[in-house]
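Each of the next two complexes has subunit A plus one more chain, namely subunit B in the first and subunit C in the second.
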Partner chain A sequence: MIRMEQIAFHYPKREALFENLSLHIEKGQWVSIVGPNGAGKSTLAKLINGLLSPAAGQIQVDGLPVTREHVDEVRKKVGYLFQNPDNQFIATTVRDDIAFGLENRAIPREEMLDRIQEVAVELQIADWLDRHPASLSGGQKQRVAIAGLLVLQPDIMIWDEATSMLDERSKQAMMEQLKELHQNRNMTILSVTHDAEEILASERAIVIKNGQVAADMTPLELFEQEELAYECKLMPPFALALSMAMKKKGCRIAPVQDERELVNAIWPS
Partner chain B sequence: MQTRMIMGRYVEGDSWIHRLDPRAKLGAMVLFLVAVILASRGLELSILTAFAVVVLLSSRIPFTRYIRAAKPLWPLMAFMFIFYTLFEHGGDIWLQWGSFRITSEGVLLGLFAAWRMFLLISFTSILTFTTTPIALNLGLESALKPLSIVGVSAQSWTMMITISLRFIPTIFQEAEKLLKAQASRGADYQDLKLMDKAKMVLTLMVPVTVGAFRRAEELVMAMEARGYVLDAPRTSLRTLTWRAADTLFLLLFVIMLSVMIVL
Partner chain C sequence: MAIVTCRQLGYRYRDEDSSRAFALHGVNLELEQGLFYAVLGSTGSGKSTLLQHFNGIYQPSEGEIQVLDVTFQAGQKKKGLKELRSRVGLVFQFPEQQLFEETVEKDLMFGPIQFGKSKEAAREAASKALAEVGLSRELLERSPFELSGGQIRKVAIATVLASEPELIVLDEPTATLDPVSRHELIELLQELRRKEGRTVVMVTHRLDEVFCAADRFVLMKEGTITFTGTRQELLESPERLAEAGIVEPQMMTLALEASRRTGLPVAEMPCELDDWAEWLMNHSGLASGQSGQPAHASDPDDDNRTALGQPAAHEPIAEEEQAGELRPAGTGEEG
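On to the complex of A and B.
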């Protein structure tokens, strides 16, 4: 569970980004964070795992306050996936990179080997273990980065535009991965994203704007507020856009998420 | 190109030299360095050369590779030779022209100096040729560990080396991409004059450097997020194991050095 109470934050020599922001996220929930550029989505994500500290207010992760004394504990619970796959790959081989977090936690070598093998098989990257990161594609690197986080067995995953630099197919694969983490591992997921499909797959959409939680609703509701969605640079998927347009014309149709639902709505059998 | 940047100068192989502990190789290189510095006479140099040839041969890497390794230093070797030839005036005079004189001793000492240089470079290449960068880095880490008493952090040095090994290929990839982008806009690197080439490299420097700084910032965050704390105790996936062969290898060099000193 993540709990932010009356957070204030500003970067050095900048005006306040957040003045009084509160946010609760239940355990096991899959939340999309959206908002215009520069709204502070990344900043919010970094506050949660203590990469930045608030000027005022409190942040708790699973009951632990995110303060200097507890930040190590908190980071054990939170896996953080960054946007650029290149900038989070530390070691010179995939194997060493997955080991990096384990080494920092002083896990004995034998256990490390077991855990790396396990996660590598699970994420289907076992064949790449000895490769140098420069020889992997963006999507492959991001998959390795996920392995490097999962091997630490976190309860919470924060993805900060983790798919925005990837091609369409890798994006799909990443979304499947999110679904898997949500359904099978019951992880709490916080994903900063502009990807409409991913947002629709999540359970809750939070809009950050002008230093505030500007909206907190279901993803479908967000897309129905067209102005807000537009401001957040969100484009509804084709099926949803079509159903909404038809509704506006007076057609009695509920908003749908994909082509199959659309067909069923138009032509119930 | 890619693999060369990734693996540095490592030459794949399975000789017993390849399998030695990097620490043993590092130690041996230091001993060899001392021996070369101490060697001043022809006899000593011959012993060292014979010794080096045997060790180099057992790495089963083509001899020419070692010779090529010294190539960038040929001008320096030539300079040393000329320097001694011109300014050492002992022995028989072979050529005289005013105060300018070339003597047997000058030529000999010049040859010795150049030869020592060559011996040193080609021999120490054994370390980088037969050790992967990762193993070399581990070896350095444990070699530097004693320095922690005087406040040098071995861990941060090796982390630095690891990150360089990790990012040099990436930075080159980026530069290459930029270069290609320039080429597609009509500026073909190959056809440029030297001045223009230099200019182009300079214009590349700015985006590449800025990119590197941004990257560093994010990298630090990514490392922290995964629990990295500078100089905190950590374990290591890679370990080094010291075997009898390593002791033997090092002993060989100790004996060689002692023989040289006694002679």
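On to the complex of A and C.
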């Protein structure tokens, strides 16, 4: 679905960020892109969406080369969510902003309004449809941005820290949304994230560090390799970290995903 | 000594019609000097609006707020806030909003120069602050807009630290930081509070990251404050979290469950991961498994450990005892 072959990239007048980076992502996979601040995760996401071009190497999305010629087509397949939601509002009301992408695709007005309503209800933003995007709080903006993306029904979604501004409740709701999109619509999801729970919920963790893929494994495997995880600036969630610490001290306990599993392991009923 | 006092503070955004609710309403809050406050609340609950009152960016629509020696009252627009802003540093939720110079170094030097330091002293403060947030000196010459999201945030935090404010206010400073950087930032804030007696107010979505570090917790919901108190008090009333729409940290769930199973008070339970591992092995049937190595009781020499019921600081500052109480500001007395 997404193929990057021997990519080289550097920002103008900067040293090389990637010299020879290759990456394959299958259709329907849910992948977390993780790594230290400044490692190149956002850059990688922008390369896939054609917002940046590599100095060498090839990138393909669903068989289409990501080149100037095909970039419009690629962007119809790939929904991209920026790290900062302020960068993506154009209109003066939330409704118009969500409509903008649909208008660009010549979707009939009736259908457009239906789709907006549907997604607004799904993401619980219906109350804000007539407000100016600038008048929303940081987390509300992010939910609106997510709605603007989902309404376009892309095949692939790239989220660049889309949940970082959300409160925990909204984040958990958004993760449920991701699970649903992944399971029922077979959507390919690429999520740049620092959130341990979100990483654990995905199928595959790819660590970008020093211009390389420093690790590519299941999230649990990554967290279990404590040194590697720490080098990659990752920390496991408390319950998992605690089960690993107990195991190290000689306790017979398997790694747990959350505090419920932990309690059950410690006090089996 | 209170460093911030809000009395019936309310705020309404201008562009909202008057039928819409206040972004802040009837807020009574008193912040003591030298403590680390964590402010939590769901999206849109008024956290950022409250924080921006601390250095006069927003001024009250109702009631009043006193910050250090400046009092803002509804209906009176205050100007000339330079002195206050040198003492109260605010890191915005969107760090791009506070960077505007051509280079990172100039941005870092801006505050110190503005507040009266020489160029040399400002340059020194800049590189010290950059090191504090763990960024390399290489970045000094860069444009702030050629940085990654996490780097921009660290620079924004450093611009505030460079002016060495007495009150450091941070709006979701950890949101885009990698987990290790997040942890390091919180340690840095704790140190500034502990060693230099500075007051820290930090908004976060993740109670787990400040659960052991913060001295006081402030919960907000729909523009009001629904709870202020210590970790101990929070542990005693977990329903307050649910009511404010905040997810209980994993450690808290575990502590409450452990207390139910063992009958021991949560206040005695540990904060650190390793201490927890030992505590659980000593207090559950799981002990040392098959390895044959006994689970050792906590080392009696190690009195450096913090328990959930204790304040976060290992070296309490002098006024700690008196400063302990966080009470809503009296609304009856004249301000």
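Basically, the second predicted complex is superposed on the first by the 261 of 269 C-alpha atoms of A that agree within 3 Å, B and C clash if a C-alpha of one lies under 4 Å from a C-alpha of the other, contacts with A are read in each partner's own complex, and residues count from 1 in each chain.
Here is the rule we use: a residue touches a chain if its C-beta (ideal position, glycine included) is under 8 Å from a C-beta of that chain, and two chains touch if they have at least 3 such contacts.
Computed from a predicted structure; not experimentally measured.
Asks: With the two complexes overlaid on their shared chain, look at subunit A and say whether subunit B and subunit C clash or fit.
Replies: Aligned through their shared chain, the two binders clash on subunit A.
Asks: I'd like to know which partner A:K76 touches here: subunit B for first, subunit C for second, both or neither.
Replies: first
Asks: Is A:R95 in contact with subunit B, with subunit C, with both, or with neither (first, second, both, neither)?
Replies: After superposing on A, A:R95 lies in contact with subunit B but is clear of subunit C.
Asks: If you stack the two complexes on chain A, which partner ends up touching A:S135: first (subunit B), second (subunit C), both, or neither?
Replies: Both subunit B and subunit C are touched by A:S135.
Asks: Please work out whether A:G148 is in contact with subunit B alone, subunit C alone, both, or neither, and reply first, second, both or neither.
Replies: It touches subunit B, and subunit C stays clear.
Asks: Does the superposition put A:E198 against subunit B (first), subunit C (second), both, or neither?
Replies: neither
Asks: In the three-chain superposition, say which chain, subunit B or subunit C, touches more residues of subunit A.
Replies: Counted on subunit A, the partner with more touching residues turns out to be C.
Asks: Would you sort A:R105 into first (subunit B), second (subunit C), both or neither based on which partner it touches?
Replies: Touch status of A:R105: first partner only.
Asks: Just to be sure I follow: which residues of subunit A are touched by subunit B in one complex and then by subunit C in the other one?
Replies: On subunit A, the overlap between the subunit B and subunit C contacts is residues 84, 86, 132, 135.
Asks: Can you check the complex and tell me which residues of subunit B touch subunit A?
Replies: Spelled out, the residues of subunit B in touch with subunit A are 2, 5-6, 133-134, 162-163, 165-166, 169-170, 173, 215, 218-219, 221-229, 232-239.
Asks: Taking the touch rule as given, give the residues of subunit C at its contact with subunit A in the complex, in rising order.
Replies: These residues of subunit C touch subunit A: 13, 15-16, 41-44, 48, 93-94, 96, 146-151, 154, 172, 175-183, 205-208, 245-247, 249-251, 253-254, 257, 261, 273-274, 276-278, 280-281, 284-293, 295.
Asks: Which of the residues in subunit A end up touching subunit B in this complex?
Replies: The contact residues of subunit A facing subunit B are 46, 49, 51, 72, 75-76, 78, 80, 82, 84, 86-93, 95-96, 99-109, 112-113, 116, 132-135, 148-149, 152.
Asks: Using the touch definition from the top, list the residues of subunit A that touch subunit C in their complex.
Replies: 11, 14, 35-42, 83-84, 86, 132, 135-140, 143, 160-161, 164-172, 194, 196, 230, 233-235, 237-239, 241-242, 245-246, 248-253, 258-259, 262-263, 265-267
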